[in-house]
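Both complexes shown next keep chain A, but they swap its partner, so chain B is in the first and chain C is in the second.
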Partner chain A sequence: MTTRIDLWWLPRAVLLGLLAFIIFGPLTNLLLWTVAEKWYFPHMLPLDYGFGFWQRVFSPRGNAMVSLGSSIVIASLTVVVSLALAIPAGYALSRLRLPFRGLFLLAFLIPQAFPNLPVYVNIARFFYQIGLNGTIAGVVLVHVTHGLVYAVWIATAAFSAVDVDLEEAARSIGAGPFRAFRDITLPLAAPGLLASAIFVFLESLDEFTGTYFVGAPDVTTLPLLLYTASSGGNYQIASITALLLLIPSIGFMLVVERFLRADVLSKVGH
Partner chain B sequence: MKQRLLAVLLVLPALAMIIVFFIVPLLASIIGAFEVEGAFGLGNFSKSFELYSSDMIFTALIVSASTLLIGVFSIAIGGYLTLGENPLAVAVLRWLYRWPMFIPFIVVGQILRTFLAKNGLMNNILVSAGLLTPLQTVGFLDWRGIVIAFVWKQTPFVTLLVSGAMASLDRGTIEAARNLGASRLRILVEIIVPQVAPTILVGLILSFVTMMSVLSVPLMINAQSPTMLTADIAFRINAHGDYGVANALGLISLVMTAGVAFLYLRQTVKERS
Partner chain C sequence: MDAGAFLSIEDISVGYGPTTVLDGLNLAIGKGEFVALLGSSGCGKTTLLRTIAGFARPAKGAIRVADRNVTHLPPDKRGMALVFQSYALWPHMTVTQNMAYGLKLQGRGRQEITSRIGELQGLLGLSGLGDRKPAQLSGGQRQRVALGRALAIDPEILLLDEPLSNLDARIRLTVRHEIRALQKRLGITAVHVTHDREEAMVMADRIVVMNRGRIEQQGTPEDVYNRPASPFVAAFMGAENLLDMEVSVGPQRINLAGQQVLAMPHHRDLRSGRAEIRFRSEAATLLRPGESPPAQAGGLELAGGLELTGTVANVSYPGGHFRHGVRIGEREILVDSPAPFNQDEHVRVYVPSSALFIFNTSTDGENDRQTEAISN
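And now, the complex of A and B:
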């Protein structure tokens, strides 16, 4: 029995090693580019290492700081607007008797179910006429529309996972409907709502296509800076920007299950 | 009655966002596709087919091939996570497969652009290991690069859905088949996959639609002809201000997606009822 198991480790190790190379090879490559001062063919590894490009990216006059700032402002505003819309909608979808509930839930999926590009092109044209093109507000509106499906679906699931008896108990000892919601249901649903906020924040941080049409060239976010640097052949700046976008994404991947508990997750989309 | 009115009022602002900033521009794009210099006609479509018919085939082939590969890999990984008998290997795989899941497409484009290039790290490693000579190296920055980028980024997402569905299956039938001597591959293909088919379908359809609208990957990895329709749409707008042809190309990619999206909606409605 023991020998058989030992033999099986051979294909296992080869396959897992191959998968690890496929996943971490490109990521290592990115890390190397962020600290490569000099790197050309046919050298496998950079010839000089250093943080010279980091200094250029983070210098006060560098446009990376501006992009980082506007990325964070846009993502934060997107979260605020999305939650302001999603909390009432999610409460209604989970607790109140809503006609055509299934259709309402599906409506929020529409922005994910059609190719976005033609829509962004026409929004840009419309925003241009009313002066919203190239403004933070215009970009936020586009990001909210795109992120609303996560916000509404996760908020609905979060409210569904809260025991309805607790709210009724609060009502029966004299709390008004708003007070019962604010003091009982909202705090209990908070971890799920936080998860939806993180989702929306990341979606906004990573969004490229909408910002490219609605924001550029006046509003530059990190993805746009990455694209400009990369098309200019400046791989170090592009890789440092990519790394800045990568850190929150990977961090979220590692903690997502702590925020989205199984009882909430099982109710998403129902 | 009063409660229903309240419910509708609470949902309405969020719904209005979707209508004003998605459905209305979508309709504008469909109408705009038929608009030629103020009149209605099919001029944009004849121009689109004349200039971009090879890109339409290219897009359909790339997205279909990627969807197929994503399906195969996610079933294979999910299957091993469910049926694997070595706890350590299962744990390593579970930790490993999900890394690319939340990485933005634009970052995937940049990472693979430098990794897969003719003088990128992948070829450098192969040359240093003596597997290739510098003259034999080829870059992958064409259709292969796009397929690799899509599969790299989307497989973890579909695997997450599929392995979740597989984990919640009844172990009884699997154990019974195992006791009767069925191989693990046969159990995966004949017992597990048919039961989780709806989840696989949903994951693949969502990936298909996502890949149809990604602009950054074709721009970063392969912007020369033939390329994907998304890059053509961006080019029509930025270089020519030609909204007619851009909208026509948009409608064509919409039609490609509509068939697939229809399958999804039918699946969700079936699950809901």
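And now, the complex of A and C:
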């Protein structure tokens, strides 16, 4: 008997390897750069390892901490404003009859439909006139227009997943409309709303173009710092900043994965 | 409306967009009465219930509870409680929290709430389940929690929207009696929506048969069952056998295609002409040629009945008796018999006068379409 070797493993292994390299290659490179003291061409690996650049980033004179602070403040404010708009909007949309619903949901996509650059340039010009340029409020406003799509779409799905019967059951035994919303609908939609908050937070943390045009140079966020560092050839600082940006993203993604249930996801955009 | 009516629905019309679901409907319900709204899906019974509850807005008409006009009151101000078909229990609350919510809204003290809910849980057989979430309950238990949640607020009117349709057939039979007993004991006024004839018959004081947004007939279960006012009601109440015949109406007797049957009180609106004859499979008797019909009180001559001849097309045994498909001319009817007959055997079918429901065929053929929709 001859043992036949299944040659199919070969292309599969190659494909998987390639995929792993595409995903983890840049990440490994980034991690290496954060601890490289000295690294130049043609060397495959850094010549010197150390945390010297971390000290520089976190030193009182480095901009990283300030940028991180303003990034978090801006992202938090963006979440608050977006949810304040998305909760009533999402609730109304989820209880609306269908033809209008699709139209409204589509309307929130419009800011995404145009090329970002000209839009932001115009916003910057307008904000400059009314004195919002270079302020946290201005940057938050830009981030809100960006994040509102996610917030409204996910909030609509979250509220749609709450059966109208559940709300009516509360109404029928004596709860007014606000009481029923507060006691029944809101708690049941909370996981979805939390997920939408996280998406908005991450979007805001990551946002570059709008922040650059509206906020710079007075407001510096982590992505702006990253840009300045890497365009100055300072790969260590850039990598450390990128790592800082990566941590909340990965952490929150794990949370979202837990909270965004299938029944909510299936209603996104419906 | 009736002076004694506790809940009165006056000339109510409800529509969704261009379609009219209820059209000028009137209904009066007494205090402590258990009324079943019976009809097939799409007849408007659930819409009527939701209109009473305040979830559907009538285009015209009024709803009064004890002479208080509640037509424009929101659902939470009507003093009613609705039990949903889906039970609509709140998954983030425990059984006790679900049941206590209404009392909490009323601002009752904790002591009072605890004792009232404890009492209700005992009454409903839910003791010891108070800390469970709805997901950890069986269907029957969920149904009881939903009922308990509605009863906790001591509503003037209890509205039930097919509350038994999601239960196992076996549990359903016992829950029927439980709900009925509870309603009697609490003296609560109840409106129950169902498409199940037997459920309505067993539970209700009065059955309101609905069809296409109108009330076809209302009366006691016995009334509706034995004296259906329209072909639709007859078919819905189980008189599925249908024959077309020429009738001529005399003072005491009705001539059905040459045969004399006794005119019964429920035949009084009959006119001579084409008519459709309806009867239940269990009301007819299957006879061999030459065999005489069973003796009846008052004798055969007085009772009279319809005799038909045909051949047995098929035999089945649904339990308790044999069910025969009997071919009579173009039509096939179903007749029950304690003993089986052979396939293709020539038989006679005897239907006593009291079991015959005779209706004039309307000229536009509307009745035909309605009744066909039921038998499908």
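Going forward, the second predicted complex is superposed on the first by the 254 of 270 C-alpha atoms of A that agree within 3 Å, B and C clash if a C-alpha of one lies under 4 Å from a C-alpha of the other, contacts with A are read in each partner's own complex, and residues count from 1 in each chain.
Methods note: a contact is a pair of C-beta atoms (placed from the backbone, for glycine too) under 8 Å apart; a residue touches a chain by one contact, two chains touch by 3 or more.
These figures come from a predicted structure and were not determined experimentally.
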Fit or clash between chain C and chain B when superposed on chain A: fit
Partner contacting more residues of chain A (chain B vs chain C): B
Contacts of A:V214 with chain B and chain C, given as first, second, both or neither: neither
Chain B versus chain C as contact partner of A:A169, first or second or both or neither: second
First, second, both or neither for A:L117, with chain B first and chain C second: first
Which of chain B and chain C A:D206 touches, first, second, both or neither: first
Touched partner set for A:A197, first chain B, second chain C, both or neither: neither
Partner chain in contact with A:S249 - chain B first, chain C second, else both or neither: first
Which superposed partner A:R12 touches (first chain B, second chain C, both, neither): first
Lowest inter-chain C-alpha distance for chain C and chain B in the superposed arrangement, angstrom: 11
Contacts on chain A seen with chain B and repeated with chain C across the two complexes: none
Contact set on chain B toward chain A in their complex: 3-4, 6-8, 10-11, 13-15, 17-18, 21-23, 25-26, 28-29, 32, 86, 89, 92-93, 96-107, 109-115, 119-122, 124-125, 127-128, 134, 152, 206, 209-210, 212-216, 219-220, 230, 233-234, 237, 243, 246-247, 249-251, 253-254, 257, 261, 264-265, 268-269, 272
Residues of chain A defined as touching chain B within the complex: 5, 8, 12, 16, 19-20, 22-30, 32-33, 40-45, 85-86, 88-89, 91-93, 96-99, 102, 104, 106-108, 110-123, 125-126, 141-142, 144-145, 148, 152, 202, 205-206, 208-209, 212-213, 223, 226-227, 230-231, 235, 238-239, 242, 245-246, 249-250, 252-253, 269-270
Interfacial residue positions of chain A with respect to chain C in the complex: 163, 165-166, 168-177, 179-180, 183-184, 187-188
Residues of chain C touching chain A in the complex: 53-55, 74-76, 80-82, 84, 86, 88-92, 101-102, 105-106, 146, 149-150, 152-153, 155, 159
